[in-house]
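Several structures are given next for inspection.
Next, two complexes with subunit A in common: one pairs it with subunit B, the other with subunit C.
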Partner chain A sequence: MRLSSSTLLHALGLAAVVAFSLFPFYWMVAASFKTQADILASPPVWLFTPTLDNYRAVFSDSKVFGAVGNSLLIASATTVLAVLLGAPAAFALARYDFRGKSDLWFWFISNRMMSPIVLALPVYILALQTGLLDTHLVLILVYLTFNLPIVVWICTDQFKSIPPDLEQAARLDGADQFTIFRKIYLPLGAPGIAVSAIFSFIFSWNELLYALVLTRRNVQTAPVVATSFMSGYELPWGKIMATGTVIVLPVTIFALIVSRHMVRGLTMGATK
Partner chain B sequence: MTRDVARQAVMRKKTIMPETTVKSPSGVNRVPNRGYGRWTPFWFLAPAVLTLLLIGIYPTIFALVTSFRRYNIARPREGFPFIGFENYASVLTDSTFWASLGTTARFYITVLPIEVMLGLCIALLLHKTGMGFLKALARVTLVVPLATTYAVVGLIGRLIFNRDFGVANQVLNTFGFDSFDWLGSPAGAFAAIAIMDIWQWTPFCALIFLAGLSMVPGEIEEAARLETSSKWALLKHVQLPYLLPGLTALLILRSADVLKLFDMVFVMTRGGPGSATDLVSIYIQRVGFRIFDLGTASAQAILLLILTIVISRLYIRILYKEVQ
Partner chain C sequence: MTFLQLNNIQKKFGEMSVIKGVSFSAQKGEFVVFVGPSGCGKSTLLRMIAGLEDVSDGTLSIDGKDVTYEEPAKREVSMVFQSYALYPHMSVFENMAFGLRMIKLPEDQIKARVLEAARILQIEALLERKPKALSGGQRQRVAIGRSIVRNPKIFLFDEPLSNLDAELRTQMRVEIAKLHRNLGATMVYVTHDQVEAMTLADRIVVLRGGLVEQIGTPTELYDRPANTFVAGFIGSPKMNFLAATVDGVDGGSLKLSHPAFAGGSLTVASDTAGRVKTGDTIIVGMRPEHLTLDAANPVLTLALDISENLGGSTQLYTTGGGEPVTLVVPGRPSLNSGDGLNVGIDASHIYLFDAAGQALRASH
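For the complex of A and B:
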């Protein structure tokens, strides 16, 4: 009898965890299917007839469409660049000994702590002077400041776990270092590279501060557009929540794919 | 030919000297044949390092220079003259700047204990045996808050804490309390951003603690369970040592995160009402991009950077001991 009551408590506790994690997300998705009248109802309604009007409004709004396109382009480009630049660096950090190695490694990690506002100010001035303001390029480059360290960290970890015997065997066959990197480390390290790429994509997709400061009309990203709906007298709540759902859904799916690595990615591996 | 040399090198390394230096017959130390030249690491590292220098360090130096200038782009006629430490002097005597740091500290002190306690409870629930499916489900759903776009968390907060039709007031009413103007009152707005932060980051604490709990060797935990039936004693004497590194990481990482926090608060309150939720990032952004006083904002950013460097050195010093 005692056992079953503790089991019941355990189940209730876990159910509470699920409810806690999902409620705000659920509330957004629910609101995205409500009519404006249902959203403005006081007290809030929990049962309602769903409508697709908000999504129709979102998908026929060229501004949202363009913004999602911009986000997709910027996040993909910065991810590809981060992997192209970061994977070789990770290979060097995992396999070679050289002076200043640990300093370099810590420098990569320190970038995780950097507040974006510190870089946003000078990058804004520099972009203003060079005419890069409101271009895809400036966001792609500035996002590398946080993506590159993540790729380097996760890939270094992954490359270290590849047994050195393989490399020695390849060297006996006369393979040079670049061939070893390309033929052994890249294929065997692919899972780590994929995880780091997904992280890089998620962080770039979610970013607001740089996007807010460094863009004007042309390259507004999805979070910027979603927040821009938040002004005016009568807010289009349903449309805002539908936009929010459209923004959050893809990255949530990505995050579920890498959920096992979430802690590693967010702590830069300080805790395993 | 090269193959032979390489094989010999490997053999020598394996059979005679496993260490890094090999004595040649002449008795002079020489670098062993590692299969790569002195410059090889450089070529692999150069692209990443140069990129980070260009997009990270160069702007930082530029910000440092700007912080010694009068640099208001709303008043370009005045030019951008060097004025020494004037910006720093005005920042350090600016009570609003100190107040924003104070609000940031207060925010950290408010959310962190709650996130740690709730996270620990969740981790213990997930660590307990049984309930396989529900446990797996809970574990997966914890990732959802972490991945939610911070700006969208702010949008959801605006909806949930709305004075007229927000679900937060419905909950208050159900428990017999009066409705509350969350985002319109200083205490309410502070509580609202704290609650959204707790929602987003408690799962992070839970996952870190869960990783710590699973590091406890199974036989030790079993033996302790036979020894005592008190869960508290088990937690305190057996599990706690495995949780401490994670806790340290959390304390430091979250402090850096709170100094960075911008998106969610900007969307929910823009620092208001008054200065109730004016965190340091929000304040610097306002000085830089609403008042366009980039000189002062740069000085503030440099001070924030120094604080961040101290925090990250601390993080590295404490948590990567084995690497150093």
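For the complex of A and C:
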């Protein structure tokens, strides 16, 4: 097969984009296997003898384990709640007309327009006064307020693409609203729900600002711990990069698992 | 016994009136077809029977029970959608079983009913497949199967054949007719295709602009259309209309003039005395298939524009007095464009309408 020049250019362009987005990851993973001297070498060393010292340091640090556990708990709880609350809301927004629907919709979208730091201080004061500071719950609640609009947004769009005839056929078949949601919209909307779950999980997993502001010692999340290594006069790059790699790994695996749902063209063949 | 009764049914979307008062009733086991041009409200009317659209005014009853405000499922009707509306994530079996699972039928009965419907529709081999692995005709069968299993009181069809190609459409049309015969079920069928209406219906309801134009058997609509709209809608190619002027009224006959008439005038027997006077406009309707060539007593003098050879018959597009007139004649007459034609018609096949388009009938 002959490659045309446009295909070639296309491939080169793609390769450039991939290299651009993957290079930081390569740098992080590579640095996690380097000694401090190799990391700071200039010009950079491309060939080096890998060391597991950084990982030993990370895994012997009990703070890291606790932090990964915290992150896992908070991100999972946030994602589950966001989907449980968001998907039915999206169903209602996609299929029913009710008063204030467009206002509600605008509110969901406009939520994402505000910079998170604007709310940091009020949220901190609220958390302080309610005694929720440094608890899992406060981060779950805060992340939920950020993630719920995304879940609602993506799922509404997905649900709207499901032909209304299916719902009407189900109504004639005797299905009630909840059954229609569960048996028709949830399975057919799975790609959208999966995407919104990924977003929600990754956002909660990576979030640093509120985690820094709202936690002290008990509920530090993984990104907070990773940055906490940069203390005083010490900058243990190897350990920070190893922690970073450990943090990125679960989300990558999670994304790989759910991505199968995203590519399944489920609505194909529903209607002519 | 009246099985389905619509009583002055109305539908408004906001200020817009879509169905402006439709009344009609169907007997048990009857095949009723709603036909009309797009936007006439036929689908809306069907969806109101199904319960998918609210009724703005009027009452609706099925099997003697008022269901005007009843939930769709409780009306015990089933519907075949134009888009088929199969559940894409379920197998054919599950698609057909869905409604039965909703009424919590035991699993062995569900299986028996689905298999029975699959046998009737010859889709037993497809039960494990997903809808996307089916052809258009197969999806159509599954959609019909899904409505059969529930044993509904009324089957509703919303333009079920419009997504199929011409050959398959004819085939499915015959199958639906057979199904109706075998199940003896009451069916209401919506189409814009008058051929489907004529071939399937026990009775046709012709709708236009949210109102009933005429209700009757296919033969009644063809032989005695109530107005020019029905006359033009039923029959293919459509009826020819010539707006003639009344030259004289003489007892039981009318003398009409139009440049297309042989000799410029035509005398027809019609006991419309008193309702028609000299100078009135009368619309004369003649079906293309009733017109004959080389008549001994020609009624029309026409000039041929184009002839279409359809194999067994020939369709002639002609002009008479500036008006287009279509003929369908048997065989393949050898004619050239521009040829003058002396066209005849049996007097009993001449339809007369007043200037407003209403049929002029003897007072029966």
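In this section, the second predicted complex is superposed on the first by the 227 of 272 C-alpha atoms of A that agree within 3 Å, B and C clash if a C-alpha of one lies under 4 Å from a C-alpha of the other, contacts with A are read in each partner's own complex, and residues count from 1 in each chain.
Please note the rule applied: contacts are C-beta pairs under 8 Å (C-beta built on N, C-alpha and C of every residue); 3 or more make two chains touch, one makes a residue touch a chain.
Small disclaimer: the values here were computed from a predicted structure and weren't measured.
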Which of the two partners, first being subunit B and second being subunit C, lies in contact with A:L172: first, second, both, or neither? both
A:T252 contacts which: subunit B (first), subunit C (second), both, neither? first
Who wins on subunit A residues touched, subunit B or subunit C? B
When the two structures are overlaid on chain A, which partner does A:I184 contact: first (subunit B), second (subunit C), both, or neither? second
When the two structures are overlaid on chain A, which partner does A:L73 contact: first (subunit B), second (subunit C), both, or neither? neither
Which subunit A residues lie in the overlap of the subunit B contact set and the subunit C contact set? 168, 171-174, 266-267, 270-272
Under the touch definition given earlier, write down the residues of subunit B that touch subunit A in their complex. 2-3, 6-7, 10, 35-36, 40-42, 44-45, 47-49, 51-52, 55-56, 59-60, 62-63, 66, 71, 73, 121-122, 125-126, 128, 130-131, 134-135, 137-160, 164-167, 169-170, 173, 196, 199, 202-204, 207-208, 211-212, 215, 245-246, 249, 253, 256, 259-260, 262-263, 266-267, 281, 284-285, 288-289, 294, 297-298, 301-302, 304-305, 308-309, 311-313, 315-316, 319-320, 323-324
Would you tell me which residues of subunit A are touching subunit B in their complex? 7, 10-11, 13-15, 17-18, 20-22, 24-25, 27-28, 31, 39-44, 84-86, 88-89, 91-93, 96, 98, 102, 104-126, 128, 141-142, 144-145, 148, 152, 167-168, 171-174, 177, 181, 202, 205-209, 212-213, 223, 226-227, 230, 237, 240-241, 244, 247-248, 251-252, 254-256, 259, 262-263, 266-267, 270-272
Which stretch or stretches of subunit C touch subunit A in the complex? 50-52, 71-73, 77-79, 81, 83-89, 98-99, 102-103, 130-134, 136, 139, 146, 150, 163
In the complex, the residues of subunit A that touch subunit C are 163, 165-166, 168-175, 179, 183-184, 187-188, 266-272
